[in-house]
């Protein structure tokens, strides 16, 4: 069951409203890397994750993210409070749809659940969460650098910090399952190609070697070739003339 | 520059076409965890990643994923080859839109770029990729278990295997940056709250402790409280009657 | 600030898992009329609504809707708990993406913020909320009728009941602003056409009269005519041959 | 059957083309609150509404909305007629996609049917329509205020006026069903919780009382508590190690 | 200005309601190839097309498509009239959202304006329209073959026929501009590569030659090579360690 | 199987980075008319097209389009290389999400597969492709005109040229099937209405005649009338009061 206190988790005190910056902030309210994505992702995961400790952690962090979403909303509310007095180019969004946050990103695209990555397996979920935190932290870094006032900067630095904290927690949880540094998980055994590295993209002097494609972990295939052969088409005789009229010969290279 | 060989990367030989299974396979052609998501994500990342070795790796893996997408397409093509002779409930999609793959998931929803997670920072990108691989592997496990014939199962096991291989490569690349097990990255320093764990979700006997919320890594806050205070609303006098007519008193709990 | 108790707001006790019904339940988890739409709509409104009493009410109801969303999630979790043992046609969603709720509707379409109706004016917001509740109640009625067990039916009847309760609250709030039965609101005065009813759609014996188009409230225009005149096109000389070659005459009716 | 007269319903005479304002106008052409949403919503409803009089009204108003959509399109056509001569920041949309209206909102997001609220019940439909009109009116108010010329202002004031007219009609129709001020409708009886108000969101001095949560209509629950109890998880033994390795104790609050 | 007659353009008389077929029909109501796409595409084009004759034609056909959309809606309305008495697997859509048409396709995905192809140039528009008609005709062919009763088949054959008629009209209009068989249009002159055919996809015995890649129209490049050279990356020194730690050598093929 | 060479198909040498132009270029990277749409459309078609020569052509052109997509990506990468030093209004997208291309259009809307037009029939596919090329060429024309430097202009002119080349190829292929100028295709015979032209949209002096509605090809119906008659509603007695209370009379025109 959800409960709410009207006080914020952390102070949000904008000094000078700036509707153009409010628009950038929308990225973390209704955008792909935003707090709504994180909150819903972790919370939805908690319904299917079987491990009680990790399920509890997912809920703890989800509710913190909801509380962060509220802070971002307050930042936007304050930065749009005087939108009618500002001439900044970005204000049309707030002039037409009103002040305060809306569920769109900094480009005005509506939030959608396609941003949420979850399902069926706790290792997959935790890896998705580490990725979500990395995206959120990255966006906060851009916002901190662009923030026009100290109050915004301080609140955003807190939010950035907490994404690192959550990353740490998810890494610890993944490590407790032995899956932070082990690529393998699940119940279907991989086949014998598991250590091959295919050099699919080539260019003079551009085929770098590094730990991700070197022995002893990987067997580097410098010149990959198709192993699957040609596939015969099953011809449907009802289709529009299978053989085009103008064709006179089969090409050769 | 892209090139194509008409032979497949790995054999795809379906024994008995099954349109219902073809529909499930769409999840990896036009779905969130599918090969198109992976191929485009890694390839788009390669435009902004600065490290030449990692950029090369992203391109190598992207082009392998495109080649996997082609294999999934061939599986669907073969599984729908006799859709007119099947009475299975799932065939309407292929009966109306034609046989072969379409850019939709197993529920018929069109693929969209909101599935792609990339931007601005190589650590963020690599974490996003490990997550993408985990989702793909999980879906392949479900498909392997549901596969109605050995040919499909073998091709899908190959595809599942390669997701593990890629995970391994991305982990090695992330480790080469020192970021596989270190939560911190980027240029903005976190504030003093970085080690706090907030117990936001409570229930009798449900507040588990584990490595993700224990000392020495974390300082567990058993009873989190709002630190942000109330926010005064900036009242707009033009708004519809700020004080509702029926209000007679302020509530008390 | 958000808080969570792990106990549910109201009991959810499914007797026999039924994945096909779980799928229908998704309509209220990740669907247009679902609890996520309601919770986010009311909560986002609370950032811009100026009246403190109504803002408080929006938050109270938003957090109840979040708690309802959790109940719907639990219904789905329980109805999918044995999906591997069921042969029902609808299980592919849960077989591929895993058990428990996902942020999609009963057709598998991802939730999107286009469902949310809010912005700029409290009267507009409250009317949007009465509409949202009507949609939610209607879907619950269909689900109650389709529910396969008494436990589901009881929980769904509670959820349906609360939508009526919220409707009542929103009506009272709108009435406190004098806008429950008065169509007019806002600061731009309507012009002299405000009482006209245009009979735009005609058919023999199908032009009904009722309170919505009768005197004294309305002036019924039985044969509406265009009053706006023709609009001269501004011709762009760079365009592809403004006058088509084959044209020889202007048509007459 | 649809018919068309090339003359407009009401005059549209833009004095000075302004591509930036054209962009704002898109909100009512291809946006959530726009005329396309209204026209399609009422028209689709007319297929399932059983009451012949209300069905006729829905069609009359739908066709008026289509005629308004045409007016908005003409406004945009005229405001973009000289886009090549304007340096305004917003013109890229029209410079790349051409002059005239497109089916996107003022932020460039494509119109989608998720904006449309309809289905199964006439009371639900009429409430949805009153909400749709409120959103449309609100957007027109913003546009009237931002309009750069008298011709635009006059046409937009007409369009705003008609939204009020339609609200009036829908209210009369809803009242004819006895549902304008009665929250209850449908065939499933509510349970005993129908009059409870839950004070879910709290803050010192912020728990307002008003007609929406006071006796005799409502029973105010100042301290809501979970009534649903804990839900036992059904553990799936195939899952990744149900008990994480690092867990040593259960937490206590 | 739009007008409506309640009689249909062509008779729609379903003999036996079939909700499963109603679902397939949604493809032409709210689907990509459906009548809404066609109607809105042609009508939106009419705002920017400069040629008065072609603009008139676009409007004539648009309004016929709207009248077809109405017929498809009536087919769906009749096929869902007894949905409560049917046990067909596809009925959940209509059982949850009500009988009659909804703005979704046969897979339940909401209609979106991304289906509409228009803008800036009459040749582009007319080519888009010929494509739209081809998609619509193809879907109608599938529906005619799947239709369970003669009444549906007859109405659908009429609708299929009219798509051919419109194709004919658009071809005549395009021909009147000299652009039915001439690939070139617009004001930017092509460069010297205009007649090259690149054999980008190869396989033993699969490089066919036909009128689309033969002399004298085309110059066939059997072995295309990159002509663009390598691109130097502009390195951002602030980025996460440009040179990964584990890299020891540059790869060679 | 896909392969990649790191050299570009054609040179891309931007002289002066311009983030505002980079944003416009996104239209051809992640936009409706862009290279991703074309590449995926032709490639997906190749799975179901039965004619080996046309299938080969579709793959050849698809892989060229992928190579063009890469060129557009490089243009964007170069135009955003100094985004931190530019003050242009459009930079927020790149400042928040990073430099280089993203899978969005020039308005920031994510690419979606709804842009792709394919399925079931080779004639339909080829017509869809001619339309796709027309849209792409049109957008390139706008971009060439807006390009701020000669290097961009040259690369864009090459890309524009190739769209014309592809149009030529698709026209030749369609002509080889006899379907470039013949509207008819498929296996369902049209009915007797195939030559009727309905004058659905009227206005004084606006009913133009041209090759698209004249004898001998067409039979012009100057005054179309509904032929389908009225449809009786099947009344559902469970519905909310079929007869509204306030209705007293049936209207007459």
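Some observations on this one:
When the chains are written out, they are named A, B, C, D, E and F in that same order, and each has its own residue count from 1.
Throughout what follows, a contact is a pair of C-beta atoms (placed from the backbone, for glycine too) under 8 Å apart; a residue touches a chain by one contact, two chains touch by 3 or more.
If you're wondering where the values come from, they're calculated on a predicted model, not measured in any experiment.
The chains in contact with subunit A and with subunit B alike are C, D, E, F.
By the document's definition of touch, common neighbours of subunit A and subunit F comprise B, C, D, E. At the interface between subunit A and subunit C, over half of the residue numbers appear on both sides, which makes the contact a same-residue one. With centres taken as mean Cα positions, subunit D sits 31 Å from subunit B. Centres computed as Cα averages put subunit D at a distance of 28 Å from subunit E.
The distance from the centre of subunit E to the centre of subunit F, with each centre set as the mean of the Cα atoms, comes to 8 Å.
Residue numbers of subunit E whose C-beta contacts span two or more other chains: 1-9, 52-54, 56, 59, 63, 67, 74, 77, 89, 97-98, 104, 107-110, 112, 114, 119-121, 123, 138, 142, 172-173, 175-176, 185-187, 199-203, 206-211, 213, 224, 226, 228, 230, 236, 244, 246-247, 251. With chains as nodes and touching pairs as edges, the resulting graph is complete, every pair of chains being joined. Against subunit C, in their complex, subunit F makes its touches with residues 199, 202-213, 220, 222-223, 230, 244, 246-253.
Interface of subunit B with subunit F (complex): residues 1-9, 30, 40, 44, 47-48, 59, 63, 66-67, 70, 73-74, 76-77, 97-104, 110-114, 116, 118-121.
Partner subunit F is touched in their complex by these residues of subunit E: 5-12, 32, 52-54, 56-57, 59-64, 67, 71, 74, 77-78, 81, 112, 114-115, 117, 119-121, 123-124, 127-128, 130-135, 137-138, 140-142, 144-145, 157-158, 160-162, 164-165, 167-173, 175-176, 180-181, 183-188, 190-191, 193-201, 206-213, 217-218, 224, 226-231, 234, 236.
Subunit D makes touch with subunit A in their complex at residues 23-24, 27, 89-90, 105-109, 138-139, 142-143, 146, 200-203, 206, 224, 226, 228, 233, 235-236, 238-247, 251. Partner subunit C is touched in their complex by these residues of subunit E: 1-7, 50-56, 89, 92-93, 95-98, 104, 107-110, 121-123, 172-173, 175-179, 185-187.
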